[in-house]
């Protein structure tokens, strides 16, 4: 029984990681939004499977909330913002695609080395997915650092949140509900504020690439 | 409250009342009350110092006022002596300040000057009584801050601000060294009261490091080479009665701190300690006087002389330390006594000279000697006071400078008793350089007094100079009397100082360590000298000579004529010797040291090159401490700063990369670290 | 229970009130200012109770808990929030802001205060994280109050670096919880701090080390520790000065509060050596970067920001120097909160008069605004650690702790860096105070009543510097006792 | 009681003999240059003439100009009190030692230099500047010479030094003693303003040092100054004589010993005077900026004196 559960968990987390990697080689923002959408769906699926196997009603509620928030609300807002400014191409990022893939590969390896004590300690069946979650966290950090479009950075940040949620689910079957709700609230508010700022950047800088934001120095 | 306690409280109350009064009103009354507060506070602490020094009683008090370890005060012999030094110059400059600051009425805030002056005296008085690390350091920094603000009184000139920046920078570097030193000394004991430090000093681990930090920190305050460059910048720009107090007393806190830590708490150390202090003292003495010679800004000249005299004080202390390490206890005590005696003498005559310079500045609005002259006829009493100061700083016999310099010479002569000949050879070199310093000091003050006060005024301002008000003369008078008085009573001062030093660290605690007969001859030393008899003899002869002339019926008529000028008619001020010309032979002799930059520009008459329209001679001396030591240091820090500034380069991607790299690095560290 | 209500509800109420009154009217400003006094009163009440030794708790499952450390932070937060409320835009008729800006200032500054108070009083470590994340969001909204290219850029950098940093802190929290779950299974009160500390000795060293690294990087970003400090100079130089007063004064303190909470847990499990080494490393980097960046600084608000980085570095250094060090660090944090908030508010007044943040353009301050210049100079002397102000005592105690912990050479290096910063700051101060003011700058103080609270700050600094009243030192002793179990 | 009488009598003896000594030196120089020259007692006539003349004082000068001659004369006379001429165990040692003598000389130079500046003429300034430079540069040599003497005699008191050298005649031949004598001889020439350093006979403005300072003086002030400088020369010579070759100085107060002391003193002074006269005719005046080299050689001699006395001790 547990083997099926753990295999599904590992499958889910590896799918999440792969969607994360899509950001690295695709160039259009549209592709990023779809990648994020699918990643959130897979994450909701993983949470649902854990809820099913662990028979924990709270997790179902969390999965539903996750699906609603990250599956529907945020992608629609992203789509609206994307249409408003036309299909923008991601500028040439600081690091070309080949090197970014290499770096993210190294980061995932580093995540595996790092997660060794975690996997050794955990008795939960889903422990095999923890390094993948850590890998997603490092990759999304790298994405935020290396991309030039503000919108892409926001999507990178959202993927970082997905990675952490995945780690929480795989490692501890979900953190206490109070904190979970707080995290979702923060995520939503944070995203809304970032959107406001992107609109404001558009107004004052006429384009939303981060390269222009180099005025404040020393 | 024991009588000393009452006096301490009295002094503190006087100062605070003076400060408050000065702060509240910005007019004559403010000045008067401020000066009154400072003067009375100084008098009370003078009485306290004399009482404590003569009776030898030790007064201690611990008040829970300050945080952490509280305020601890203790007056022993050393503190009492420095109390007298503070009070003596304090009274004089307070009285002088009342008259002098009148000219600040419209231009600068009198409130601030009066209040800060009182606070400076307060911090100085308490500083010498500090008995635990926190009190000492808090008062030390408070003193530096108040002195810095006082230096900034005339803040509309750029030179003042530059000087104040240098002053607070070097003082704070010194403070950082002291902070480190005191905590090494207290070796982890948080209470850090001085008597517990004294107890476990012998068993300390890093005694040499503590000594070096103490030397660095206290010489930053005292103005020893190479940490002296703030002194000739800060003292001239401060108001004169403040620079008198700073030059006379504030830099002596460096001497007090050094004695307190190295003599009292550490109890002396190996011979090279004394050797290093002696070497620094000699270097400061020689360089101080050499650079003073080339100055023609009156107050900068006096400031460089402070560096010289601090050097002489540290020669005495360094010699004392060396003797102590070789066990020659009498000579050691003599060395410290000579150092301390020169401390109070320097406080008196340097204070007097700065007040004199202040009076000249008050009258002629300029510090440049080339624009002065003939002031002796217009300001006779200031001239007399300045002359007494000049004579005593050049160590001329009947006055106090000679008494202490004679003692320093005798100490150095005692060096011949040091067993190792290689070490004993340092002493004659020190004697020679000290004598050279004395000679050059005399030359410098002949220039200073001669060019400023004698002959014909060189500018309109000097011509219209008038004698300064009564309060300034009284201030100068007090210190002039002190100079003459201290010169006449060395036979009384030396044993009292010997008692003050008794029991400090490893010094023998016998009451009369220095048996001194009526003429100042100390067993184990070489010469004997009696100032009072000398002064009496000179006065007698001065009286005898005119009497003899009258007896032999010498012609007593005097006719006023013109100065001989090889037959030309009339005399203009431009024909007189100038300060630069006066010092020119010595600049040529020490040219290797000064490396003067000289340029001569002659524009000839259009018709023929044999006639000259004007010749302009320009010479500049840059003290090479700044060139070789401080400029490279500043350039280094500027370069580092430029590189570090680029960390904040403005690119968001770069900032996030810093975080990612930081995270990965720390994770790797946590993962591999044991 | 009512104490907590008095502490937390007034800012919320104020925020709601400000949001509802559509066309902004000054009475809203006055009401919110009065409301800001309530948390201060509550904090003082908590302080009194803490001195008697009892720890107040409230809410379901001890949701809110105020031990010595929380009381200390609550005091600082409520004091600085009160200052920002009384001296922020929205009270006087013409303070250089428009009505919408005043309204959003009133709304978000009160939310900001609420989130900080919640962060320091909540018992649950997860909720603490949520509250600190919320502080980022609420303060980010206020950075671009004056919409200019620079303030928009600063706000974007602030929100992004802040959110990424906080997300890493959440990873740390999750790892901590993961470690606890594998030990004692899932419990509702698992993330309560006291539970974590109690079970710490039996937690696994490996996992806690990783968790602490994430925590340190995460909350270090909010505290302005290098290398995550890059948002701080930009955010502080562009945001309105009351906001940067709150951020520089207490937001850094709240972040350090979170680090201290987790450090106690990790030290109980792994022993202090590991966390001390990390803290010393990061604080040294912060000191180096801030000290040398101050030398060639041209903007006085950025100068104050770099000085905040320097003092954060000092506080974190203090945490790593044993019990004496923690005492010094906490005292330093309190002193710095008071001094830095006063300085930023004064900088605001100076900017209002000179309309520039350039140090070179601001000349003759002593003549233009004598009293403000006096306070500004006193504040600068306080920041560089001169007596008679509090920071001298805390830096003295810090160096004493350093030498007592046997780290002599480290303290030597720290002292050198402090001297570099000292010289740079004093030179900048002199360039601003003296010299001839640019022509056409109006002479004389405006709104003198605003100087009263700043004078109060100065008095507090003097009291902390000269007397260090016993209630304060008793509270600090309690904090030391809590953090070094 | 009679010792005090003798010691008080000595300075007045010195004062009486000083002009004669200078007259004798001038007479010997004249003779060497095959001139007949004025008789040795010519200076006494000069003094009498000057005392009868009225004093002309410059308008620019202040009270200091008129007071300086008295100070100079009094300080030099005070030195005469301290220097051991005839009798050795001296009571005046108590008043001052060799350092006091040196600094009394410095006091005289200080006041004379100021007087030179007071009149406001270029010559006075030039003279003062050069005199002060020479005085400053000769200080280290004097101090080092005193150090080496003190090493030998165990005290800086003049009487004690003379007694010590008399008691062990062998010390006179030690290198330390001779080097110290040579160093002090050079300094004497520099301080007294004799030929290689400064030409006492010249009135060429650009070359004179001592003369330039007293250029403005006349009448009784000039007399005092001249007498002071002659007394200074006399004191230097007697110091050189008695400190380094003290035989003949009376140790007991019998009349015979005193007479013999006076005779030996005169003999030594004549010898030194002749030596100086020969030197002055042989050597030309040094340029001012070569004088420091001369003084540094004398300093080197004094330093060698000390090192040798250290090594031999």
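All chains are identified by letter, namely A, B, C and D, in their written order; residue positions are counted from 1 within each chain.
The definition used in the following text is that a contact is a pair of C-beta atoms (placed from the backbone, for glycine too) under 8 Å apart; a residue touches a chain by one contact, two chains touch by 3 or more.
From a predicted model like this one, the values you see are computed outputs, not experimental measurements.
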{"item": "Chains linked by the largest number of contacting C-beta pairs", "value": "B-D"}
{"item": "From chain D, the most remote chain by mean C-alpha position", "value": "A"}
{"item": "Rounded Å distance between chain B and chain D, as computed from the means of their C-alpha atoms", "value": "36"}
{"item": "Rounded Å distance between chain A and chain D, as computed from the means of their C-alpha atoms", "value": "101"}
{"item": "Inter-centroid spacing, chain C versus chain B (mean Cα positions, whole Å)", "value": "44"}
{"item": "Chain centre separation (chain C, chain D; CA means) in Å", "value": "79"}
{"item": "Multi-partner residues of chain C (at least 2 other chains)", "value": "156-157, 160, 164, 210, 233, 293, 296"}
{"item": "Interface hub residues of chain D, defined as touching at least two other chains", "value": "none"}
{"item": "Residues within chain B bordering two or more other chains", "value": "645, 648, 652, 656, 659, 663, 667, 671"}
{"item": "Chain-to-chain touches, reported pairwise for every pair that qualifies", "value": "A-B, A-C, B-C, B-D"}
{"item": "Touching residues (chain side chain C, partner chain A) in the complex", "value": "124, 126-127, 129-130, 133-134, 136-137, 140-141, 144, 147-150, 152-157, 159-160, 163-164, 167, 170-171, 173-175, 177-179, 181-182, 186, 188, 190-191, 204, 206-207, 210, 233-234, 237-238, 293, 296-298, 302"}
{"item": "Residues of chain B defined as touching chain C within the complex", "value": "65-68, 134, 137-138, 141-142, 145, 152, 155-156, 161, 164-165, 168-169, 172-173, 176, 179-180, 183-184, 186, 188, 190, 192, 206, 637-638, 640-642, 644-645, 647-648, 652, 655-656, 658-659, 661-663, 666-667, 669-671, 673"}
{"item": "In the complex, chain C residues that touch chain B", "value": "156-157, 160-161, 164-165, 168, 209-210, 212-214, 216-217, 221, 227-228, 230-231, 233, 274, 277-278, 288-289, 292-293, 295-296, 324, 366, 381, 386-388, 392-393, 396-397, 399-400, 402-404, 406, 408, 411-412, 415-416, 418-420, 422-423, 426-427, 430-431, 433-435, 464-468, 473"}
{"item": "Interfacial residue positions of chain A with respect to chain C in the complex", "value": "114, 117-118, 121-123, 137, 141, 144, 150, 153, 157, 160-161, 164, 167-168, 171-173, 175-176, 178-179, 182-183, 185-186, 189-190, 193-194, 196-197, 200-201, 204-205, 210, 213, 215-216, 218"}
{"item": "Residues of chain A defined as touching chain B within the complex", "value": "94, 110, 113-114, 138, 141-142, 144-148, 153, 210-211, 213-218"}
